[in-house]
Amino acid sequence: MRDTLKLYGREFSSRFLLGTALYPSPAVMSESLAASGAELVTLSLRRQNPAQQSNNAFWDLIRQSGCQLLPNTAGCKSVKEAVNLAEMSREIFQTDWLKLEVIGDDYNLQPDPFGLVEAAAELVRRGFKVLPYCTDDLVLCRRLLDAGCQVLMPWGAPIGTGQGLLNRYNLATLRARLPQVPLIIDAGIGAPSQAAEALEMGFDAVLLNTAVARAQDPVAMALAFRQAIEAGRTAYRAGLMVRQQTASPSTPTLDMPFWQQTEEVSR
Amino acid sequence: MSEIQINGQRHRLENCKTLERALEQAGFTGEAFAVAVNGEFVPRGQYAQIQLEGGDCLDVVAPVVGG
Amino acid sequence: MRDTLKLYGREFSSRFLLGTALYPSPAVMSESLAASGAELVTLSLRRQNPAQQSNNAFWDLIRQSGCQLLPNTAGCKSVKEAVNLAEMSREIFQTDWLKLEVIGDDYNLQPDPFGLVEAAAELVRRGFKVLPYCTDDLVLCRRLLDAGCQVLMPWGAPIGTGQGLLNRYNLATLRARLPQVPLIIDAGIGAPSQAAEALEMGFDAVLLNTAVARAQDPVAMALAFRQAIEAGRTAYRAGLMVRQQTASPSTPTLDMPFWQQTEEVSR
Amino acid sequence: MSEIQINGQRHRLENCKTLERALEQAGFTGEAFAVAVNGEFVPRGQYAQIQLEGGDCLDVVAPVVGG
Amino acid sequence: MRDTLKLYGREFSSRFLLGTALYPSPAVMSESLAASGAELVTLSLRRQNPAQQSNNAFWDLIRQSGCQLLPNTAGCKSVKEAVNLAEMSREIFQTDWLKLEVIGDDYNLQPDPFGLVEAAAELVRRGFKVLPYCTDDLVLCRRLLDAGCQVLMPWGAPIGTGQGLLNRYNLATLRARLPQVPLIIDAGIGAPSQAAEALEMGFDAVLLNTAVARAQDPVAMALAFRQAIEAGRTAYRAGLMVRQQTASPSTPTLDMPFWQQTEEVSR
Amino acid sequence: MRDTLKLYGREFSSRFLLGTALYPSPAVMSESLAASGAELVTLSLRRQNPAQQSNNAFWDLIRQSGCQLLPNTAGCKSVKEAVNLAEMSREIFQTDWLKLEVIGDDYNLQPDPFGLVEAAAELVRRGFKVLPYCTDDLVLCRRLLDAGCQVLMPWGAPIGTGQGLLNRYNLATLRARLPQVPLIIDAGIGAPSQAAEALEMGFDAVLLNTAVARAQDPVAMALAFRQAIEAGRTAYRAGLMVRQQTASPSTPTLDMPFWQQTEEVSR
Amino acid sequence: MSEIQINGQRHRLENCKTLERALEQAGFTGEAFAVAVNGEFVPRGQYAQIQLEGGDCLDVVAPVVGG
Amino acid sequence: MSEIQINGQRHRLENCKTLERALEQAGFTGEAFAVAVNGEFVPRGQYAQIQLEGGDCLDVVAPVVGG
């Protein structure tokens, strides 16, 4: 039986969602997308001046990539901003999928739990398929589910820090308490080993951007994350060994030769 | 002579009172943008009907990279 | 240019060395070896009673695997034991490669730094290619190099614990101070994410056994480690992003719409 | 009648005084083992020459799984 | 100038707030309070059956302790429950100080950010001095300040776990971003070293219960925490050394004798 | 029964050993010694030019402090250097107590396990009371005991880094396996909370220098460490609570009021 | 004959219709308790005025240890 | 005219051949120092007997701060 990621009724074979920002060039971006195997890519909307309209290399490349679009509401601080930017996304990108961000602080760029729940509820009412960027707070996560979200995207660490999984206790609690909900670690992942650990813990997927785009070789790093995420998922399904406090030999201890000598030694 | 703002820039609002004309005048053509007036999204289908007034704030947005 | 692991003049395309013990069955062992892509496998010698001679399923399977043999001296506590078991290995297995273990404590199964250096020097004299299982002590590692070892295998954690990399500081120091020496993390690795991290840190390979053999599905776990180790190596060569203390947005902040509204909000 | 030990088990050392004969007698045949006498490795080629004495301790080892 | 803790206009010389539950006996409780030097102690309200009224040893001991009372709303899950229990506390204990708990989950016993803000706002309106038990979420903390709380009590880890400071990143962010607000680490502290670390980070005080009451010797442990909290505060004010990545000798290296011999050695 | 630290037959009431280097001034040093309550202080020997002989402020202050002297062999890299510097110490300082350092690496300043054991054996033969600065390697520690050392001083982290206890696993193993041996954490401690943790783990004392001398206010920091070390020791003897994985309420859950309302809420 | 609940226990509500009388009857005397009726706090000063009705739920709470 | 080293500095070794005289001449007086010749500790009691030779390396050390 194939192991697929199901989000809002769609199946994905990749568990790696990738962002499109911060790459040295559009060409490197599209090679990185290809190397990542990502099927869902995030992008955004910003004010445009008419002059730019002509050249929008990145936008052509995204469409060529064949990836499904996941527009975000990055930078929105109020429910009104998030809802209206979401509507504009739906019109331009012709998709009702949305990575919902309602930012609560300019410095740590964390989600605003209060605005997030309110915006999520309104957007679900309007027919959006909302994937909220949230914290690892279990109560917040349940409120988002009550609001109609069918997928949650808790942060690992603040955006762009690469600090990895800052609160394993809370994240493990989320996973244990919401066993049926697709959970995607979004933001803070800096290295493939961290992504692998998230999957080993049972998280369903990882969404990141900076760690690939800011690598010395983004295309190679996209591949590294792809491999690590597959590794983590495979390991989760294969059942990790139980961590032990004390050592135990792998090589058999029975029938060890020289025990006479050993005795002498120990004499 | 009243004024509007488009993406934070002042624009003179002449005899063109509809959103559609204002966008044309400002050089926005094609499909690859979406619009909000005073922070409220306006579907493309309504551009022709919407009458602008002095002080209106337009946002015209287009796709950009994002994380 | 192909990225290969060079040990004692031989090139390997796999950076995953795997043990042959503790599997539920010989069949599962050989499937796991195949899934791991390992080119070097560890095995050992123990007293035999004549009756057994006939059936030695595992031994036939190992030979069929085509993997290069890396006999160990597991369980030896004295230099004399290790040296003589090494000689017996060389005769039976027809190889001068050796994973040298001189165990200093029955409970944590750690290497004995003193016996290890002495045994390594003697075995190098006798023409062995010694891969010593050692601690993360830089001075010990240099003594082993002085003794003629061309590869070192520092532990991550005690054998069979799966605790991962217990002392990242010491391990990072080893890697930084011995840039030219092939360093293989041996023992203590419990999850693919830990193996990936070792490779990300610049270690050349990983040797383990329990984490695969004791997984619920050893064959799948062997694959997971293979993927993670490739991921970690790819990431190391791709140049990881630099970890940041403070958040920074991936999506552009310039030309954010609604800033007038934002002002109102902040009023 | 003196005795030797093989892998920790007592064996009677009869008129067979060489290591080679002792191994045969104990049932060790074929190639898949190696031998130490009193903790010192003995190369296969020397089995015929080595004379055993009472109290000698033999280790006969074969391949096993290992980590 | 004396270093005091200022909460709602009152000054305290102790930075250790202690709970009154889970002690082996009322006598041990009151000895522990004395040993701790605590000036603020938490207690609660529960249904009473008339029979009990006579014997309430603990309640007499608390009053004799001379400590200021900090009633909690432990176990309340709704705003209505918390507000009404608070009113009952105010009548019985004759104090408008309140440790506000609105529990959002029966298993991790975490605060409900949404109910907490609503209850805090209502209770401030009613004239309570609210000390909310909250998470380490910066946005939640600011909402509580907006609601009129003048003190915040973020958790270190779930109640009764003794896991210590689970998310140092978030806690350090709180401290840095709310420099003027008295911040008390409440819940999750299991060892004096953890309490000392909280004070070293600049937190103003620590509130705990289980780690003292469930120690083998609660009275001695109360003293240990008192010492550790004083140590941490002293250290914070004395300015900790900056952590270094590489070693540097304390003893002077200049004028080392034997350098000729050293040369020989290194030859 | 008084709880004292016994080293080589002498009893000490303080478990804090302090270094004398790196202070802003001799006056600050001697105030810091006083504030620390230390009864054992480390110092060293270096080449002197005759001119200096007159002014040796620090040396007078040390003698006035009434602390017992613990001369070190800092900077020695060979057995010969360490042994001869030890002899010179004994003559000048009129004490056979010695903090034995044989440095194995100029960058991490770690002990050389091999030279250390050899030097320790020789110095014990010559009647010294050797307190060796060693690593957390159990086998090395046992060799030092075999050589006649009655006290061991494993590092927490490299000298001057303030990184704390880098390998808790190894340190806990040392403590568990050598229950009768006085173990002093020497080097790497940067904050009082780290010192408290060492004592909580059962270590008998802490020796440090940089963390006090390089604090913004060394005298206050000396006091902070003194308090933290007392706290850690008190906690160790009082028996720490057992860390729990899941939350458990401190306030009683029985007889909670409003359960009818709670039901309504949950309906 | 109607009933009330006190701390989850059924009590018969006889001719005593005030909260004050109900509490006395149930044995609650002294100062060391506080009361809520149907989840709403009732100040001590109002006990005499409050008329209870069948089905009312009383909570009577007293100090306990807490963390 | 032969030379010795004291703490790494060259000193002319004149007619004073004993360690004691050499130290005096170099200005080392009092009790607060200890001496090694060619890396070997020399107890204070032996200063008068020790005859120095050209090329000898003296270390004269005194107390300093230490960690």
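Here the chain labels run A, B, C, D, E, F, G and H in written order, and each chain numbers its own residues starting at 1.
Note that in this section contacts are C-beta pairs under 8 Å (C-beta built on N, C-alpha and C of every residue); 3 or more make two chains touch, one makes a residue touch a chain.
What you see is a predicted model, and the numbers here were worked out from it, not measured in a lab.
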* Asked: Going by the stated contact rule, which chains contact subunit C and subunit H alike?
  -> F
* Asked: Which chain maximises the distance between its CA centroid and that of subunit C?
  -> G
* Asked: In terms of contact pairs by residue number, which of E-H, A-D or C-D shares over half with F-H?
  -> C-D
* Asked: Between subunit A and subunit H, what is the separation of their C-alpha centroids in Å?
  -> 71
* Asked: Between subunit A and subunit C, what's the gap in Å when you average each chain's C-alpha atoms?
  -> 29
* Structure fact -> subunit D to subunit F, mean C-alpha position gap in Å, rounds to 54
* Centroid distance [mean C-alpha coordinates] between subunit H and subunit B, Å -> 92
* **Shared interface positions of subunit F, touching two or more other chains** => 19, 21-22, 44-48, 72, 74, 80-81, 84-85, 107-108, 158-159, 163, 209-210, 249-252, 255, 257-258, 261
* Structure fact -> Multi-partner residues in subunit G (2 or more other chains touched) are 7-8, 36, 39, 59, 61, 64-67
* Asked: Who touches whom among the chains?
  -> A-B, A-C, A-D, A-E, B-C, C-D, C-F, E-F, E-G, E-H, F-G, F-H
* Asked: For subunit G, which residues count as touching subunit E in their complex?
  -> 7-8, 26-30, 32-36, 39-41, 43-44, 59-67
* Along subunit F, where are the residues that touch subunit G in the complex? -> 249-252, 255, 257-261
* Give every residue of subunit A touching subunit E within the complex, in rising order. => 104-105, 107-108, 110-114, 117, 135, 137-140, 143, 157-158, 163, 166-167, 169-170, 173, 177
* Residues of subunit E defined as touching subunit F within the complex -> 19, 21-22, 44-48, 72, 74-78, 80-81, 84-85, 107-109, 158-163, 190-194, 196-197, 200, 209-211, 213-218, 220-221, 223-228, 230-232, 234-235, 237-258, 261-262, 265
* Would you mind writing out the residues of subunit F in touch with subunit H in their complex? => 19-23, 29, 42-53, 56, 58-59, 62, 71-72, 74, 80-81, 84-85, 87-89, 91-93, 159, 208-210
